[in-house]
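Here come two complexes built around chain A, the first alongside chain B, the second alongside chain C.
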Partner chain A sequence: MLLLRLAMRNVRRNVHRTVLTAGTVVFGTALLTVALAWLTGVFGTLTNTMASFGGHARVMTTAFAAREELMPLSEHLQHADDLAAAAMKLPGVRAAYPRIVTGVTLTKGDEIGDQFGLAVGAPIGWYTDQLHLGKDIVLGTMFTGADGETVLGRTVAEAIHAQVGDTIIALGMTQDGAMAPVKAKVVGIASGGNQLVDNGIFLPLEPLRWMADVDDGATELLIYGDDKTEGKTLAAELRADPAFSDDVVQAWDEQPSTAGIVAMTGVVNSIISSIIVFVCALGVWNTMMMSVMERTREIGVMRAMGLTRPGTVVLFVVEGLFIAAIGGAVGVALGCIPAYALQVYGVNLGDKMAHSAGVPVQSHVYALLTVGVVVEAFTLGLCTALVGTAFPAWRAASIQPVDAMRSR
Partner chain B sequence: MNGRFVLALLLASSLPVVASLSQPAVAGEVAVPTADQLLSYVDKNMTFATRTATIKMTVVSPQRTRTFVMQTFGRGETESAIEYLDPARDKGTKMLRRGDEMWMWLPSVESVQKISGHMLRQGMMGSDLSYEDMMGAAQLRDKYTAKVTGAETKNGVLCWRVEMIAKDATVAYPKRISWIDQKSHIPISQELYAVSGMLLKVWDMSDIRTYDGGRQFPAKMVIIDKLKQGTSTTIEMTSITFGVALEEETFSQRWLERH
Partner chain C sequence: MVAACQLESVRKTYGDGAGVVNALEGVSLVIQPREFTVLAGPSGSGKTTLLNLIGCLDQPSAGSVFVDGQNTSGMSSRQLAALRADRIGFVFQSFNLVPVLTAAENVEMALHLSGKKWGDVRDRARAMLASVGLDGMHARYPNQLSGGQQQRVAIARALVKEPALVIADEPTANLDSHTGEEVLALVRRLNEEKGATFVCSTHDAMVMSRARRVVTLRDGHIVSDEERA
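Moving on, here comes the complex of A and B:
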């Protein structure tokens, strides 16, 4: 308690230095709040998009998984509807959708054009409940349930000059490699601000099943729980079920295309946070070091009067933490203002950049200010103080009372 | 036995081999034709002014076996047409080739689609045959320079082994090795290579039958695409007629769209 009172007194003794230290922490935590909110928003949207497009967990045949980049239709899941029904019986599974994704050549006229695209065939429920394609429709409507309908991504529609009401032909392959066409009327054009939607050719499942000549098969089975965080649990349940024993089951963040991004998210987060904490800690270290040097004689007297080395360390650390707590609170509060503005208004990167990113990043990205972000920024602010006061506190504890009292 | 005697023996034993490779020469009792002569014989058998045929095509893949029945029409080297009769999924599909252009009538979408470029070299109906293979009937003599490299027994038939190199790099198979039946002058077996030297396809012909005018023609062909795994395509000529009169419309887009 005495140490706490001494620390409080020291904070008040040199207001300028305290303000300088607190200012460093304020700057650091404000910057951390904005940066963490931004990263949470960008990567959160990215991973949400990938999890909603690829399923919280996904089932495919072993042979398909081995050559997935080639999308071999011949390696499809047979009786995918039965597998979906089996998956729905598992605890935590809220929805299961068979899906086919295959390359097609798209044309509006008689000559097969050079406009290649990925045709997606899935139950309408997947488009409405998981991909939320309805909110991305910019022209026309979503599927009405009539036969022979398609929704085109905006980029694809523009490439073949297709408009709502036009009839297009998607020429793909059967599982045997024979040419197989699907004719469909464009009922809607969608723009999700990311390449998954904007480059998509969306069709109900049955036409693509006919094209691929796979009866009730599908290249993959997408499984959804309440939230993407349940992906690994769902995957474990599926693997334990005999119905899926011959297949490959992957949680969304275990899929090769997403695992790298998830890992990158953590790395980028850590690097940015570390840089901010380190730079701000240097500021704290500087002012606290000045404090130690100014108070050398005082420290010597206190050590002579019985203040132990650990006590000296605690004295300076508590002082640093007290300043950091106040500075952190102020910094988080200040950082929340731009972070909230970024959450509301976002930043438009432009379609070109979003489509060339290689990952389904949105063209308009937003920050996401959560309690977690605030707590993390504040905690890192305290870490700044801990790191910044560690050396000065050790230095203070190393002072010999006799030498300290002789010093001027 | 001194060294000079051994050398003389070796030279003497190698003479038949050298003789078989020189052109023209004698291999056994059969005179070795020149490569040009051989290709002329092959072209005379395999190309035609007009032809109709009903063909059964069986495509075997690791997953399943599919059988197609089709009616084909051919006129000269550059015009051919195919109509699929079976299975139900593909019934009514028509293909028309004129020169380097090809169109398909796709009954499921009731649309004519023009096919060009690399798509011509894709497997027709997922078979080991490309559209070019099935619908082309070009004279080998025009496309390749050849040399006879020996006499060999292939698939139980005594053949001339002929190596062909394309005169023009744009042909589908820049190099061919053919084993041409010494009697029927049908290429009993062919190895088709890419310009890199990679073996692309092996094409065997059998059940050689004689038609009007003494033309020899294989009633069965087995093609294996070496770039695929576990596939083969067998073509059986259920019926074939050469020199038939064909309507002009057969090779028109109107024929394609006619139901």
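Moving on, here comes the complex of A and C:
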């Protein structure tokens, strides 16, 4: 169509200005690519950590869920191993682990310790297959399967000056409130770069069952599918199963502590994207406005010849979109370079930062450059053009044809 | 026969309050199809204002304007645009070609905007360019053409859609007298050969001498309306 051809020719008309407009979009999309890759990486690791530590879905007793922050041992799930077996029968469930988490005081040897910590008791399979604790071991080994072993998070180990081979005593309570010590030998020290691992006191399930005096019970049953995105599906299946009818089932992103973080990631993402789009749209607005002013007369002439208002808008929007498509492609390509570097090398925020964040962020964070990131950055580049061209195009459409007749 | 254009007691004022300008006062005029009419008068006498009304670019403050038998008063701007696109051709003092389109594309644009189906637009545009004496120049851009040639393209653009009326506001004012004369000769020829109706404004004596009918304006009034041999 001739109007589209005209829009394309207008792109080449003032090369300097087109480069300026395209440059704005290049800058914007490059920045978006880096920012979105960064956020995807950071939030991806964060949510992966949360989902692997907390289960894609999790089962608790109703009473436990009601007072979860107190972690009341007395409100545990009874016969948790049977529940795990029942869960394993459901389609999509790949693994199920009973787990006990409880507060303890930690001492090394005969020293009197005042180090509080959270002791985790779970089947060894959970540590190896879900938490992937093996790759975080920095000293010593993973659980060998022998009795009386523990793996300590680095922060905890440092606090009590524990080394591999030392014997520690975790002093906890039974479900009835009686003191109950568990003795274990440190076989490994783990550093996961996040507080869930670094603050952990990891034990097999049995010693903690003994400490809490809960027979074959557990405070939680963690359920895993193939991917964390299946959390809600798994949760729905479990709720429908009579074996869990008295219990509370939550997908990982439905848990009060994580749901907020997941929502926040979306908000942060949109805020950052909107700011970049808005700022760059101002640049586009500026150069497109110059074009409109400069072409007032010829637009007036075409309006006199019957060019409609929508036709005028199309003329400028197509021009803007075309420039944005080229600028966006270049910008995404340019942005991929630093984004990829961030994906490979990452940035070390330092332990202080990671441990004071309140959420299990890694101290070393990497970007994640996905197809989604590239598509989103490019699409937002086009949005930049749409937003930036909207007002100039509207101005062009309100040019009156009489203006063209006035020769000076 | 329906008049190409008819004005009845037309008044046009600009501005309001103390700054009000009566650009036209009580103008009545009938222009028949195939006529070649020149609007004469000094600068500021209301020629452009009158052409804007005839060309449906503006609406009168009072009175009525009929174009090709249709009363334009009360028409929406969309209806006016459709009427312009279909029935009226424009030629401007400063040519006003689209600089990034070739001569042929400028002419084609008029067909595209006319709101009608035209068969082979390209052939039609080239034939029109040939009949204004621009054979072989269809691929040139406006800046590769002389002023006289650009105005020829503009005339081709105005005529290609076979309008009921062609409006030309001082079409020779930006041309030297020789080129102006050539362009006017072309307009006269097209007027006779194609039977196109022209209304031209000018204060060029040469243009007036070529017209059959000269309507003279002064201070917004028609002061004379002469038929010439």
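Quick notes on this structure:
The definition used in the following text is that the second predicted complex is superposed on the first by the 402 of 408 C-alpha atoms of A that agree within 3 Å, B and C clash if a C-alpha of one lies under 4 Å from a C-alpha of the other, contacts with A are read in each partner's own complex, and residues count from 1 in each chain.
As a working rule, contacts are C-beta pairs under 8 Å (C-beta built on N, C-alpha and C of every residue); 3 or more make two chains touch, one makes a residue touch a chain.
All values derive from a computational prediction rather than experimental measurement.
On the shared subunit chain A, the superposed partners chain B and chain C are arranged side by side without overlap. Applying the stated contact rule after C-alpha superposition, one finds that A:R297 touches chain C and leaves chain B untouched.
Between chain B and chain C, more residues of chain A are touched by C. Contacts of A:A325 after superposition: neither chain B nor chain C is touched.
Of the two partner chains, neither chain B nor chain C is touched by A:V268.
In the superposed model, A:G177 lies in contact with chain B only, and not with chain C.
In the superposition on chain A, A:T107 contacts chain B only, with no contact to chain C. When both complexes are overlaid on chain A, the residue A:R5 reaches chain C alone and has no touch with chain B. Legend: residue contacts after superposition of the two complexes on their common chain; A:D213 is shown touching chain B, with no touch to chain C. After superposition on chain A, the vertex angle at the CA centre of chain A, spanning the CA centres of chain B and chain C, is 140 degrees to the nearest 10. Contacts of A:R13 after superposition: chain C is touched, whereas chain B is not reached. After superposing both complexes on chain A, the closest C-alpha pair between chain B and chain C lies 80 Å apart. Across the complex, chain C meets chain A through its residues 48, 51-52, 55, 57-58, 78, 81-82, 84-86, 90, 92-94, 96, 98-101, 105, 108-110, 112-115, 157, 169-170, 173.
Every residue of chain A that touches chain B in the complex is listed here, in rising order: 74, 107, 110-112, 169, 171, 173-183, 210, 213. For chain A in complex with chain C, the touching residues are 1-3, 5-6, 9-10, 12-13, 297-298, 301-308, 311, 400-402, 404-407. Here chain B touches chain A in the complex through residues 59, 61-64, 66, 89-90, 104, 106, 108-116, 119, 122-127, going by the rule given at the top.
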